[in-house]
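Below is one structure. I have some questions about it.
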């Protein structure tokens, strides 16, 4: 649950999905990176706007666009997670599915609350 | 309403508030830039996480943190806007206040919808 | 800040705006009540859906619609508040405007976070 | 996708999950109905507040609480849906899981956007 710039490393215990090494988002990796680079550009655009004393409302519009882009990225990631990790856990049987669903639900809750 | 990286320039007609040149967020400019640089760092952290195949759920946690930071920045900007531009429009009298309130409400609506 | 069914009574100290007795939303009172009755109907519709074992996804769609309707009501109320109470505080001068803007910003923050 | 008070009936084609007749939320049915009745009470509380000219900010606080309660209900429903319907689709094999995940992701997207 690291939320710092440094990023998080997969906690041990997640190996069931990590067996797949790529958590289901491998194929989309390039697309994800492209999306994130575009968002990074939007954030730099915001800095330029603040620096140039752009009208507040226009800055807020840009913030809304960046937030939407982030949520959209999260949704894409979540879809792949459900399709791969959660579905895998179901196939494996046992308690795994409960843990996975619980974890995914908490992540969705955090997205809703932000 | 430019939402591109290029940023928006203050539309003409916003000069009532632009007279103040700094739209009320001048004093906080450094603080704003610092916040935005931190968010930029978070987005780069996300790229690193994707690149290193970090577990999806941990990436989602970081997305939630970045979204929250963006919303928090927007709220700060909005507060200054209400305190300066909207209050100024009220003092000026005339129709100005209606236009300003309408504009601010629409911006809040966009933030809620993202 | 009462959040119970019982509802809140205007806290003393809000009399600056309460002088207007109707907090700026008087004219829209009927419209507000109509909106809220429609939302109440949506919530009762949700109970019926749960009772009749409606498919989860369809219930979630209805929840999204109800949430949107509530946010839309909040935005309308906020607009009137900014137009009347906040603008009045600006005209009065003194510290009043700071308190009003602070209060409004916190309310917007709560709406964003829900 | 009915969003009216009348509620939605399960669309044909959802029978895979409807076989379970109760879509996984059967055991929680009473709890769900209790939650929804409480939310209905909050909405009626809002009507009373508007009717009694309660201070706008206090009404907005109550709206935030109701919205949060609705989102919380949605999250609970979603968890049961993932645990039962989505997991079942994974076990069944075939294309079913793709359709279910796609459908769930769209529902989450609607919740995020409201």
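We call the chains A, B, C and D, going by the order they appear; numbering starts again at 1 in every chain.
Operating definition for what follows: a contact is a pair of C-beta atoms (placed from the backbone, for glycine too) under 8 Å apart; a residue touches a chain by one contact, two chains touch by 3 or more.
Note that this is a predicted model, so its numbers are computed, not measured.
Of all residue numbers used where chain A meets chain B, over half belong to both copies. The two sides are thus made of the same residues. Taking the mean of C-alpha positions as each chain's centre, the chain lying farthest from the centre of chain B is D. Averaged Cα coordinates give chain B a centre that lies 23 Å from the centre of chain C.
In whole angstrom, the spacing between the mean C-alpha positions of chain A and chain C is 31.
Chain A and chain B have Cα centroids lying 21 Å from one another. The set of chain A residues touching two or more other chains comprises 71, 78, 104, 111, 113-114.
Contact residues on chain D toward chain A in their complex (touch as defined above): 71, 75, 78-79, 82-83, 86-91, 97-98, 101-102, 104-105, 108-109, 111-113. Interface of chain A with chain B (complex): residues 1-11, 14, 17-18, 21-26, 29, 32-33, 36-68, 70-71, 73-74, 77-78, 80-81, 85, 103-104, 107, 110-111, 113-114.
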